[in-house]
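Take this structure, written in structure tokens, and hold onto it; I'll ask about it next.
For reference, chains read A, B, C and D in written order, and residue numbers begin at 1 within each chain.
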Amino acid sequence: MNQWVIALPFITVALLISLGLYTILFKRNLIKMIMGLAIIQNGVNLFLVSLAYREGYAAPIWTSAPGEDMVLPTSHALTLTSIVIGLATTALMLSFVIMLKKHKGSVDSFKNRRCRE
Amino acid sequence: MIDILLKDMWSPIVFIIVSLLTALVAYMFYRIGDEGYKRTRHKGEPFISGNMPPKDPRMIHVGGDNVFWGFTHALRKYLDPLVKAHTGIINDYVYWMVITMALVLIYVYLLI
Amino acid sequence: MRKLVAFLAIMIIFAFLVITAVELRGDDGGFGEPVNTEMDEYFLENSQSHNQVNNIVTAILFDYRGLDTLGEATVLFAAVSGVLTVLRKMKPVKRGGKR
Amino acid sequence: MSMDLVSASPAFVLGIPLLFAFLTPLANRVSKDLRDAMFVIGLLLTALFVGIMAYEVYTSGSWIYVFGSEESRPTQTASYFRIMFAADGFSALASITMVITALGAGLYSFAYMEGNTGMEKFYTLFFLTLAGVMGMVLTADLFNLFVWFEVTSIASCGLVAFQNYKVKSVEAALKYMFISVLGGLFFLVSIGLLYGEYGVLNFFLLADALTGGMIDKVALSIIIVVFAMKASSVPMHMWAPDVYAESPGSVTPFIAITSLGSLFVLTRIIFTLFRYSFGVAAVGHLLIILGLLSMFVGISMALKQSDVKRLIAYLSVSQIGYMLMAIGVAFATLDSADYSSFGAMALEGGLFHMINDGVYKALLFLSAASVVYATGIGDLNKLGGLAHKMPYTTMFFLLGGLSIAGVPPLSGFSSKLLIYQSVYLYHPILAIIALVVSIITFALIGKIFYSAFLGPDQGLTRGEVPRSMLVAMGILTVVVILFSLFPNYVVAEIVVPAVEGLGVVA
């Protein structure tokens, strides 16, 4: 039982990812679907950051650390990169939606289905 | 088991030479034929079920979906649901991906 | 029907993620107790002597995994180019037929 | 000096397209001719460095290039903590495929895209896609793979939506982007799982560390699904026809090559990461199932298409099935004695089919784009009689089409023969299905050829496409003919080193 309580941050991540998937699958508004994607992004970033955590350890900066006890630095670097990538992809997708709205005047995914079959 | 490996026997250059030789033989047979044969008036004109061919030559062409119409029509009970499943809605694209992911996860969990 | 299947699929993925979350890093490990830290310890020990940098994340971003940062900048550049491309003035190009 | 250049050639293969992606907008400020010249120079330089890398791999063996390390060929574990590129036969094969297609598509773009505004952005996105794909196939680091995956997704989506006055293009780009980003996020989850468990990101260290526990199972099955999705495997193929049909004709083969690149990555990941820790048979069967589905559903959907590019897109989905099946058979037999009797042949066939497929599919897409360029019509119901005015395009299409259908003596037959025979030895049913699919492919090529090119002249076009487009297709044709005439040479010199590069020797 203790294990489940300890793993709570990871379970939060799983919840966030499932919530995002739910949003993507059940919402028809394209903007809301992109918001669902952003929820998953944040969940994944939370996952990467929480991987770094070691109890009682300091941030990986030598000037403020009391000793050599520091949390894992690699996943912080990975998270920084993935945040920037998330920003870039979201921006591009929103610009696609803007263009679709200009053309057709709709952000409904059920109405944007000209390519099919 | 196939003892002879086809890939060891396969050589495109030999194939091309053999095809050329075959073509040569065919041409020689062709040359034996009667040279005095005369084309009749309707020879070479399209024959459409006994109807007169249309005046406009563009109408003779059968194109697009009509080419394998019979084949696709015979398979319509299999093809139509398949075509219908390609809805073109993003939600469905994600839906199929999520389902595949769930199935693969179960498959790998059970079988490895 | 479709909604039910989709919901089930989400549930299955959620279940697997939860199982992995609990199983991560062994039975007695888990959150906050990484097991294999060889790579990170190497960075912690050597980033000062290699790079004269106190902030180890900086050392990783710009030295050890510098190519990732280049890729990150490339992603930004690609996204900017993409947005400028998509949102540029529409000017249809007529083509085909009897030119 | 020159030795350093050779040693660093994997970095240049990635770096040259990146550099030129930044340079083309600057050159556009000076003049349009300089910009066009830069584009060609960049492509040729990339090809040069791919050639240098491949030559070095084939003559003196593979090596690993470590970024930012004093020793570029690692001897100690600490070097594996940095990002590294694997320059082996497999990356050589993959990057040769990419660069041939990029050259063809790039030269074709000049005339095809004429009249569009913002061409400097087009060239930038083209180079970024090339860089992303090269990074994807060369890298030996999981997170770095994710970064190049995203670069490829973003840049290729920008290319798809380049003709933003077409609503269908924007829509296809949005769909592709959406599903790629979702796939990328799942990939990131599995990277996180593997990093959290083993604390390393490098392929080789990870391959040593994997134990085959629950974490590995979940992470690796997510990776399989994500890369199969990007490779447009059924049932996650639905984005592919949209994107291939609605992207600008000159870059369609280039978009197709990104999905082929994902298949390369999938192969490498499976063979390096799954191999030592897992029951290989189950994963092999999974790939065979995906391959069969792709072949069958792809070809069935192609039967109902009436748009020429959409039809070819579905044909390409079914071709992906052949490769997945061949890789699956090779992987399923990896631990048994069957591997030396036919598993290795399946792998050779699959890899040979990948390089073939990249080239002839490019030829096919480009000739379809020529039809659209010359007539403005993509609908097969309205086309007809183009052979009268466009003899060269007809010839190119016929060559690519017969090759994709696997008609002897063309290159598609040589690789399919390897696949048929090895798959037959694994299970006869698989080979029979593959043959049937191949026959239907031939019929569908006949359909396009008959309805678009044969028949009386409909007066749809005034003449052949511009000469530069013909030259671009001609280059690809020469490659197809070379592959057709000397398949044994290609297998011995390019494909066998690639099989060795995957770390499996019969």
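Everything that follows uses one rule, which is that a contact is a pair of C-beta atoms (placed from the backbone, for glycine too) under 8 Å apart; a residue touches a chain by one contact, two chains touch by 3 or more.
What you see is a predicted model, and the numbers here were worked out from it, not measured in a lab.
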Handout entry: Which of B-C and A-C has more C-beta pairs touching across its chains
Key = A-C
Practice task
Among all other chains, pick the one whose mean CA position is farthest from the mean CA position of chain A.
Solution key: B
Fill in the blank from the handout: Taking each chain's mean CA coordinate, chain B and chain C are separated, in whole Å, by 44
Exercise for the section: Mind checking the centre-to-centre distance between chain A and chain C? Centres are C-alpha means, answer in whole Å. Expected result: 9
Completion exercise
Rounded to the nearest Å, the gap between Cα centres of chain A and chain B is 46
Problem - Mean-CA-position distance for chain D and chain A (Å) - result: 29
Fill in the blank from the handout: Each of the following residues of chain B touches two or more other chains, namely 83, 86, 88, 90, 94-95, 98-99, 101, 105, 109
Fill in the blank from the handout: Touching at least 2 other chains, the residues of chain C are 6, 10, 13, 16-17, 20, 24, 34, 37, 39-40, 43, 65, 68, 71-72, 75, 78-79, 82, 86-87
Practice task
Would you mind listing the residues of chain A that make contact with two or more other chains?
Solution key: 17, 21, 24-26, 30, 33, 51, 72, 74, 78, 81, 85, 88-89, 92, 96, 99, 112-117
Practice task
Could you classify the connectivity of these chains, where an edge means two chains touch, as line, ring, star, complete or other?
Solution key: complete
Practice task
Sort out for me which residues of chain B touch chain D in the complex.
Solution key: 1-2, 5-7, 10-13, 15-16, 19, 57-58, 60-68, 71-72, 75, 78-79, 82-83, 86, 88, 90, 92-94, 96-97, 99-101, 104-105, 107-109, 111-112
Fill in the blank from the handout: Counting only contacts in the complex, chain D reaches chain C at residues 18, 21-22, 67-68, 77-78, 81-83, 115-118, 121-122, 124-125, 128, 131-132, 135, 143-144, 147-148, 150-151, 154-155, 157-158, 161-165, 170, 173, 189, 193, 196-201, 209, 213-215, 218-219, 372-377, 459-462
Fill in the blank from the handout: The residues of chain C that touch chain A in their complex are 3, 6-7, 10-11, 13-14, 17-18, 20-22, 24, 27, 30-34, 37, 39-40, 43-44, 47-48, 54-57, 59-61, 65, 68-69, 71-72, 75-76, 78-79, 82-83, 86-87
Handout entry: Of chain C, residues touching chain D in the complex
Key = 16-17, 19-20, 23-25, 34-40, 42-43, 46, 63-68, 70-72, 74-75, 77-79, 81-82, 84-99
Fill in the blank from the handout: Residue set of chain B touching chain A in the complex reads 83, 86-91, 94-95, 98
